[in-house]
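Each of the next two complexes has subunit A plus one more chain, namely subunit B in the first and subunit C in the second.
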Partner chain A sequence: MHKYEKIWITLGTSALALFLIILGISAVHGGHTPAASGIETINPEHVRDDARFKEPGLVKSKSSDHDYDLYFVASAFMYEPGEVEIPVGSTVKVHVTSPDVVHGFQVVGTNINMMAEPGLISTYEMTFDETGEHLILCNEYCGVGHADMTSKLIIVDGGKEND
Partner chain B sequence: MTQEKEKKSVEKQGKDNHSHLNLKGTFMMVMALGGLMLLSWFGAFILFMERM
Partner chain C sequence: MTNYTTAQMLAPNTKVDKKDAKLVLANMIWVAFALLIGGTAGLLQTLVRSGHFELPFGIGYYQLLTLHGVILALVMTFFFIMGFQIAALSRTSGPLNKKERTLGWIGFWVMTIGTLMSATMIALNEASVLYTFYAPLQAHVIHYIGLALVIVGTWISVAGQMMRYFRWRRENKGQKTPLLSYMTAVNNLMWYVCTIGVASTVLFQFVPWSLGLVETINITLSRTLFWYFGHALVYFWLLPAYMVWYAVTPKILGAKGFSDNLARLSFVLFLFFSIPVGIHHQLVDPGIDAFWKGLQVVLTFMVIVPSLMTAFSMFAVFETYGRNKGATGLLDWFKKLPWTDARFVLLFIGMLFFIPGGLGGIINASGQMNQLVHNTIWIVGHFHITVGAPVILTYFAAMMFLLPHLTGRKIDKIANRLGLMLAYTWALGMGIMSAAMHFAGLRGAPRRSTFSEYGGAEVAEEWITYQVMQAVGGSFLFIAIIIAILLFLKLVTGPKVNDVEEFPVAEFMDQYDPAVKWVDNWRLLIIITAFLVLIAYTVPITQMFTENIPGAKGFKLW
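Moving on, here comes the complex of A and B:
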């Protein structure tokens, strides 16, 4: 075998080994699970009967690991609430579900990018450290009004409570 | 003379022996592609970490 061939085969094989090790560690210790495991389900026809999604929005959290719970209902072709103010520096757990078809939930400029699926509640926890505005948009084609389906997160100093 | 010797040794070891080939260009291309993959991986990773 050529000397160069040995080098690139070794590099390629070790990259594969490294990838499998990282995958193994993140699966066992990093909490990576298949999308459907451990996720909360909800009857999509009765989303409005659930107290949390009756009037979706920002709610002070009862749990100690995050400050607020933010509930969102993504339906054709709108998000509820249409605009949310979040005090800067707070940790927010976002909960999204859909009463009709599959929608997207991407908060531009952040790592929040989930699917809102009928029957499932998708969650993501993150801390907003900087003031500013984040557009929320649907990136799963859901019908004729898909392109107009938006909402907004406004990260503000002090926030609602200090008004 | 040496060429003849090389030819003989190539014939002896068969087509699978590549040690007589000049693979410098191939090697450079393989490394360049690998580098591009690493760079784009780290690019995406840095973007992800910054948005945490």
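Moving on, here comes the complex of A and C:
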């Protein structure tokens, strides 16, 4: 092997190792595992018979590690709820599923970006620290009305203590 | 210790056999045709997304997008790869025999029939499911069968190619195989292993389901089988370009390649790490545990090693060449490169695009950053500066010498000038379009979406400026495609000459060094490849069967 080649390969492999260490620390220590990981099933034909998705929206959480559960149904070609207000500073676990085809669930300007698939519930937990409005849109082709699917997350003042 | 026989050194194959040439040309006609159709669709898409244009004759945006993806990502690339690999074998291992060539022709016709079946369904608006055909959107069964036939056609053609390779090995026992032939065989092995995924999902899931024999489909499984194939697919596109970079480019310069053994090793690494990585396309899919997503991210990162080896080799060749031409100082060699040779300029510009392309790939594969760009138009920008620039520009460079070589002509001044125009116009168009896509994606603009104001959302307004830029880039790309078609016509018409254009094949600085034996030990290669696949996929796929994920009924929502 050529001397420069050795140097280059060593540098490259070290960079690779560094990348993987950063990813690993972020995943294990920072808890940044990918959205929607894990397997939680639901019958796509009976989504609305499930208490959680009957009237989807924001509900106070029974769990101690987050303040609210936020349920969304993504269907052709709309999101329910069409708009939702969240008190600033609260930690919310988002649950999304689809009764028909695959949809995307992207909250623009946040880290929430995952697939909604029939038969499964996709979840992601995050804390909303700033007030403001976020567009929710579908980023997986689902049919002719795909680009018309929208909803809104509005992070409002009022704090958790007012609830 | 490997030795070249005297006969081989004195009279190596220098030309693609005449009968093989016909087969190669048949494949290349499809490439030009698919480029024109797919490119036109691409132009229209960028115009629609700019918000200033509507499609005529009731053509749907997603119908057009399906056509664009299928005809460019699958049809054009497959025909090029089959044609190029057959030419490479015939040139470096010698003519195909009757059986091998017949398999090439059968493969060609099966691919053609499959393409026409799918194209018909797309034209009839029975298959507007995009090229990834995610269930439970349900296309006409003929569309799925057509796609399956395209894959089966490649299997048949590849069978002929593999027979040629192993015949050379039998006839030249103990010798180092010709590099281009070896690379072809590695790419083909990868292809056989990865297409098992897409073939299984189409045959056992999509076909019975779209025929109505079964009511529901396991979509998590179908997506996973698709991406088991889908990521190796991108390396199937890329490796023929790497063949040109490693084994042809040094000869275009009139220099020697850096290292034959290093080239073989990098191909083996691509074989190992192209397949057990598909889940990085499903990082934010439900139905897969975080651990297995993480494991496949790690495996994905391994391709950094052969990629950097390739970059090193190429620039080692360029610098050595420049210094032999009298270059001094640190970067003077760069000026000495043959900037007037269209073949070189095409593939060199491709290489430059691959630098941001590779960096973007590392970002996309990184679990956390992926979540910010997943399914945004950033991704579209990414694959347009990978398959849409380094790969396709290298294909163009190869066609510049292949077409006249096969038809008994030579690249003349006009053709060379057209080639240079093609390179620069493509670079300009792709530069503008892909930059706009990357920036819009970072601001949240989604991929695979027609023009929309998203209910008047402020952020969506910001995206429209970038979409106009994409249309400007798309227009330049369309002009480049017209130039490419003119170039192809120029290369296959005009007077035939005795001094036919060469199919350049380089010697290497370590040409006569002993071969590394294990890289040509096919049993070992298959075992390691299969082993990595089993590690990465056994548990996630088993869970898709055992976790009772409810099946999904089909929908036709277009």
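One rule holds for everything that comes next: the second predicted complex is superposed on the first by the 132 of 163 C-alpha atoms of A that agree within 3 Å, B and C clash if a C-alpha of one lies under 4 Å from a C-alpha of the other, contacts with A are read in each partner's own complex, and residues count from 1 in each chain.
The definition used in the following text is that a residue touches a chain if its C-beta (ideal position, glycine included) is under 8 Å from a C-beta of that chain, and two chains touch if they have at least 3 such contacts.
Note that this is a predicted model, so its numbers are computed, not measured.
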Partner chain in contact with A:138 - subunit B first, subunit C second, else both or neither: second
Contacts of A:21 with subunit B and subunit C, given as first, second, both or neither: neither
Partner chain in contact with A:126 - subunit B first, subunit C second, else both or neither: first
Touched subunit A residues, subunit B compared with subunit C: C
Which of subunit B and subunit C A:42 touches, first, second, both or neither: second
Which of subunit B and subunit C A:8 touches, first, second, both or neither: both
Touching partner for A:146 - first (subunit B), second (subunit C), both, neither: second
First (subunit B), second (subunit C), both or neither touched by A:109: both
Contacts on subunit A seen with subunit B and repeated with subunit C across the two complexes: 2, 4-5, 8, 15, 109, 111
Residues of subunit C touching subunit A in the complex: 60, 62, 65, 130, 134-137, 219-220, 259, 262, 282-290, 293-294, 297-298, 301-302, 304-305, 308-309, 312, 316, 362, 366-368, 370-372, 374-376, 444, 446-452, 454-455, 457, 459-460, 543, 547-553, 555, 557-558
Subunit A residues touching subunit B - in the complex, by the definition given at the top: 1-5, 7-8, 11, 15, 109-111, 126
Touching residues (chain side subunit B, partner subunit A) in the complex: 18-19, 21, 23-24, 26-27, 30-31, 34, 48, 51-52
Touching residues on subunit A, where the partner in the complex is subunit C: 2, 4-5, 8-9, 12-13, 15-16, 19-20, 23, 26-27, 32-45, 76-77, 100-102, 104, 106, 108-109, 111, 113-123, 135, 137-148, 150
